[in-house]
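Multiple structures are listed underneath, in structure tokens.
Two complexes follow with chain A in common, the first pairing it with chain B and the second with chain C.
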Partner chain A sequence: MSVRDDVAERIPGGDAGLIVAVLLVIYAAYVLAGVGLGYSVRGQLNTIGVLTFYIGVFAMLALALNLQWGYTGLFNIGIVGFMAVGIYVMALVSKPLYESGGAAQVGGLGLPLIVGIVAGMVAAALLGAVIALPALRLRADYLAIVTIAMSEIVRFSFLSGELQQFRLFGERVGFGGGSGLILDFTNPLEAFFQSFGLWDAYLGFVSVFEVIIPNNPKPVVDGLVYGAVLLGFVAVYFWLLKRTGESPFGRVLKAIREDEDAANSLGKNTNRFKIKAFMLGCALMGLAGILWLMTSGAVTPNFFRPRITFFVWIALIIGGAGSNTGSVLGGAVFAALLYQGPRYLKNLIDTVIPNADAPSGFGPAVSPLISNFDPAPLFFYTIDSVRQLQLVFMGLALIWLMHNRPEGMLGHRKETAAGIPLTGSRASASAETDGGDAGGGSDE
Partner chain B sequence: MSDPDATNVGSDHAGGSNGGRDVPGRTDAASNGLDLGSGGPNVDEEYPLQVEGLCKTFGGITAVDDASFRVERGTLTGLIGPNGAGKSTTFNLITGMLRPDAGTVTFDGEDITGQKPHAIANRGLVRTFQIARELQEMTVLENLMLAPKDQRGEALWRSVTPGFRGDVVEQEEELLERVWDVIEFFDIDHIADEYAGNLSGGQRKLLELARALLTDPDMLLLDEPFAGVNPSLEKRLLEHVHELREQGYTFLLVEHDMDLIMENCERVIVLHQGQVLTEGSPDEIQANEEVIEAYLGGNV
Partner chain C sequence: MGIAETYTRGRQFAITRPGSVLVALVGAVLLFDLVAGLATGRHSFSGIGSLVWDGLMRGLVVGLAGIGLSMTYSILNFANFAHGDYITAGAFSGWATTYLVAGFGRADVGALLLVGAGGSVFGGTLGIGVTTTPVAVVAGILVAGIATVALALLVDRTTFRPIRDADGITLLITSVGVAFALRYLMQFVFGSDVRGTTSQPPAMALYLVDGAVRINAHDVALVVVAGALMLGVHLLLQLTKLGKAMRAMADNEDLAQITGIPTERVVRAVWVIGGGLTGVAGYMFILWKGTLGFNDGWLLLLLIFAAVILGGIGSIYGAIVGGLAIGLTASVSIVWIPSAFARAAAFLVMIVLLLVKPEGLFSGRSTA
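Showing the complex of A and B:
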């Protein structure tokens, strides 16, 4: 169809190849920009690690949202609430038991990380069910209202004094309130390698990097490896959701998106399908929340503001709702261009022009331009406000997309909802007159 | 295993589509014929569908007003009436899409009033819509693959769990065979890969009928299946309906083209302002003064 499709078709490896190619282009652009501006190796690798992290979390979240919105037509604008429930419940289960005099105000249940992760996912799924059960029976837009309200209720609940500290199974636990919750469980990467007995091997691997990063390479390598682990999770999400979509289950979801009454009139109990799809999506959002935050040392409720929900929506819209491959690409492009891009740009410019003083306000920034055509103050002011401008960029990108490619990168491409390929003509074997017997007639 | 009969369709179907209308009767359908499902209709009940005192008002409008009728098994029964007579509303009440204010619907001897649409469809009472409800962004094949009941892969866990997905794929292959039989029966193989949203109005109606058949129904409620269909396609659709009726399916057909109803139906029910005006054979209906009055007065 378009030039993009031609390019996409020439990439070997199909959709996986397309994803890898886009990632390579993104990384190449980052590295080249860094090299061109004289970034250190440490800085470069750090940047790659952080970029990979965000590509991973946004791809996972976009995939989970694609199941709910792209496949089933369920309008969830409370994504961040499910992420919050995931990490908070995980922390509750896996933080070590409370000890007086320790750094943490409250403890957890002291169970292994994997138990906490599963508990966090289950909690997010159950919250999804509680919300979806009443809302799915109503009109579609009720679900939108209920989900965003839920995500704010969740945030305020974790902020509240009542849940700051309480007793559970006789242990002093809690969510820490507004001052946040210290995530003082074992470093997840360490726990991960230890479970395979590979921690010492990993430390050996880290020390190899002293060749290129002489001074304490571990944080940098940790970041890179954790990014790689996240990409592994993206692969698992992709595999799971592709199978979900390419099945009779996925076919019913698609039918619900197209016309729920028609699906119902064909004997499909659409409410059950919707709830299952919604719960699975919520569990995956919970896991994404866990993976996003469990290495960050602490969480505060105000991290979970609705803007993250909208970021995920933008990622999905860029990639194209309805396509799993598009969701991954959308997550990657969003993370690289709109989320990390402006910050990276600012870092680069700060490195290149280290002691440029940005004006303190908009007035001083603009007046030199007007009085003596000096654009520099406005330029530095803009760079200095890049975090705020991020949202402006996102808005512009959305407007551009809506005008030029409303179906996103791959949303125009329909992924077949069946466990087997559905071809346009009957398979040659069964085209013969007695072909029908090939199926299952012999077991009469 | 799912359905040994289904695989037989392929063999006779080749004959069927080669112009011969020799699809054998439903009574010996176990060995032959477009037997789309395992359980044939339960022939000892004479009237599978019975409607008693059905009422429905929308705000001030009374759409269905104490309607009572029954449909005889194995017939093609027409439900006629001028626009706004309440035919589509009656279908919605029967199939559970609307809840009646009063009255009962009995199907195969069981009270199904107020049951969920999917539950009613699973009992074998399946409808099509006046405005075709094709699933636009799904292909014809996907539309049809959706319809069969009891698909193993509709259980999410089975579709994703390695080791169990093999079962799902195996059944998908069987279903695809059945779907192709129906596609060839309706002679729509050239559009099998087309998105349903790109079909013509007539093709959509064919698709909807084919899809309804794949649910393995006992009785079909067709709401104006010929509206917007060109005459040659209408003729073919009617032929299919007659073939299926001969196999033992029961049809209730809404149509406001009097001639079509009179030529094709064994029984006719006339609905007027939400009430059953009369019912009888086409000849009786045509001779009925009240019906003529209703049609002339009701602005056909």
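Showing the complex of A and C:
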């Protein structure tokens, strides 16, 4: 811990500097690996865009989870359910009206994207309230089971034929059922720039890239810009949660985490605080779900399997529950090392050793090893199934973390509750001020 | 007097437990609808009978697998999310054995050991069934139990024992890691395809008022195996000191230890009993439903949690009754709601019960 703190202190810019430094290291590693293997500029930029995208979404989700688990101690393992509600409600509101003969089987309400985004967040928050109102009385592990059951109920609901298509305000709308829902609203990036009247400027900016990417640079640049937008959202989340955490509201949340009975006996209506924190976290998860999927063109309910919830948990645990900086770092490290890393590694190995004939199953992969000590098929099969094996690595990483470093990279969960430094010569004076402040009426 | 007393007590109950009254009302309405449906011919007796039978079978699997989860939950104080993958591990180990015994000499040994991964061998072609290849099935049941015990002990030794004193949430998160590693390792080895494992078992038709309820040999095998194991566990915990030691440990581990109970040995016994039952439950589940995929145990896990919580954590009777209740809910609920929501209904029953009676039906009785 102390060693890491020293490193953290030596980086200029404090926590923000640390995040930037880690991001730079990650990008440098990816670029160097790509350069070493002769990736084209286009390939490099694409990789960076995808990497940034996942860093953004996982950092956002980890931050939202940090509000619930790190600050308030609410064990939510239904994250993916709130993401699903966010994007589906957003699609319902923002998809264009139904027209027969179009590609989409169902339409939406045709409202602007921003209305849809707000509606999705509100819906996720409301679902959070429905879960939280009764479930907060339960033990942490019961809340866990209730939330994961809820996320599965959400998935089954979107899968069901009954909600595939229905009428709302006289329009033909729906959630598309198991075959998925086409997100045929305006390209979010285009809508974003058009709202500032900058779309033409953006297209001009894209055409500049023709210098380095001769043909059709737009998808690549879109990916990079969208990644940058996501990083902007991460900054907003970070700022919001930092403000929340340092406010009197956040102090009560931390008090609840440490000892709910004590907080209760000090006159705080802990249930109300927990519900508010839970709802805020759920709304942020809904927004993260929207941002994750709204550029993907379509959503299917089976995307929202519980494993994504656990991805977010791993990210938070890597970073350290209770620390916003840690959440962002955890999201970045998870996305770079555990989520995108193995896939990138597979691509790299494929470029070095082209293996067109990877065995189709474990049996054909192992039999040459047994019969004539030929490990090559098993190696190729392993490389080929990296998407499954990376989940094995994630599981092992989670076990290792819980054994050796349950507090994560930066899990200084004992963050000072006061808004002003308590150390040094001012310690006694500021402690008094803090006491008087916390007792004030601003908390509740 | 008697009536007035009953009335007063009833009113007291309604005031103190409004949730229970509401649940009872909803139950009564649904039951009335069912009876009315049967009387008017909207539902057929045999159709409902088939659903009930299906629910009972599902419930036996859930209950059998739930006993192990309930025991570890109460004694080690954490919700083991890897339990579902113990079920899958039991199923794969047992079915690899069954395939090997039933198909030896008729197909490639590797394909048999991988339970016909990638469509290399089909259970139907091998004619696997409890009547056609009884030796293979019995061998499979034994291996499923033993292999799952070994796996549970190995995971406990390497993963849970080093952090035995950590809080329940830390252990829960660790068990999620175990679940991930196990599940996708199994997918890596056995592939992701869902394969058919049995040939059509012989069935008999029981006539019920207006039609037939079909009961096949695998249903009967499930009833026999599950019933025998449940009875065995009951006797084991009632008649041996182990049961008493478990109850003591569930109550207060430190106190149990200073009374001279070898807690680590009890923990090991819990994994042995729980793991064995879980592995066999996994095997029987696959025998009963006839298909096997690497996700089966995980998909069953939430239902098992629902059953264990419904019955009351730590109670093996609670796990069995809760399992039957959850199985019946998941099957019979399609009388009233679209079938896509059947599993959702089972979860909803669990959530409602958590709110109305969080200590479970067999409240607070630990391990017996």
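Operating definition for what follows: the second predicted complex is superposed on the first by the 401 of 444 C-alpha atoms of A that agree within 3 Å, B and C clash if a C-alpha of one lies under 4 Å from a C-alpha of the other, contacts with A are read in each partner's own complex, and residues count from 1 in each chain.
The rule is short, and it goes like this: a residue touches a chain if its C-beta (ideal position, glycine included) is under 8 Å from a C-beta of that chain, and two chains touch if they have at least 3 such contacts.
This one's a predicted model, so the numbers in the text were calculated from it and none came from an experiment.
When both complexes are overlaid on chain A, the residue A:197 reaches neither chain B nor chain C. Contacts of A:251 after superposition: chain B is touched, whereas chain C is not reached. Looking at the shared chain after the overlay, A:395 reaches chain C, while chain B stays out of its contact range.
Once the two complexes are overlaid on the shared chain, A:156 sits against chain C while remaining clear of chain B. When the two structures are aligned on the shared chain, A:268 is found in touch with chain B, with no touch to chain C.
In the superposed model, A:146 makes contact with chain C only, not with chain B.
Residues of chain A that touch chain B in their complex: 240, 243-244, 247-252, 254-255, 257-259, 261-270, 273, 276-277, 280, 322, 414, 416-420, 422-426, 430, 433-441, 443-444. Touching chain A in their complex are the following residues of chain B: 1-4, 6-11, 13-14, 95, 97, 116-119, 121-122, 126-127, 129, 133-139, 141-142, 145-147, 149, 151-156, 159-160, 165, 168-169, 172-174, 176-177, 180-181, 184, 189, 192-193, 195, 211-212, 215.
Within the complex, the chain A residues that touch chain C are 75, 134-135, 137-138, 140-142, 144-146, 148-150, 152-153, 156-157, 159-162, 307, 310, 313, 317, 360-363, 366-367, 385, 388-389, 391-392, 394-399, 402-403, 406.
On the chain C side of its complex with chain A, the touching residues are 78-79, 110-111, 114, 117-118, 120, 159, 162-163, 166, 168-170, 172-174, 176-185, 187-192, 302, 305-306, 309, 338, 340-341, 343-344, 347-348, 350-351, 354-355, 358.
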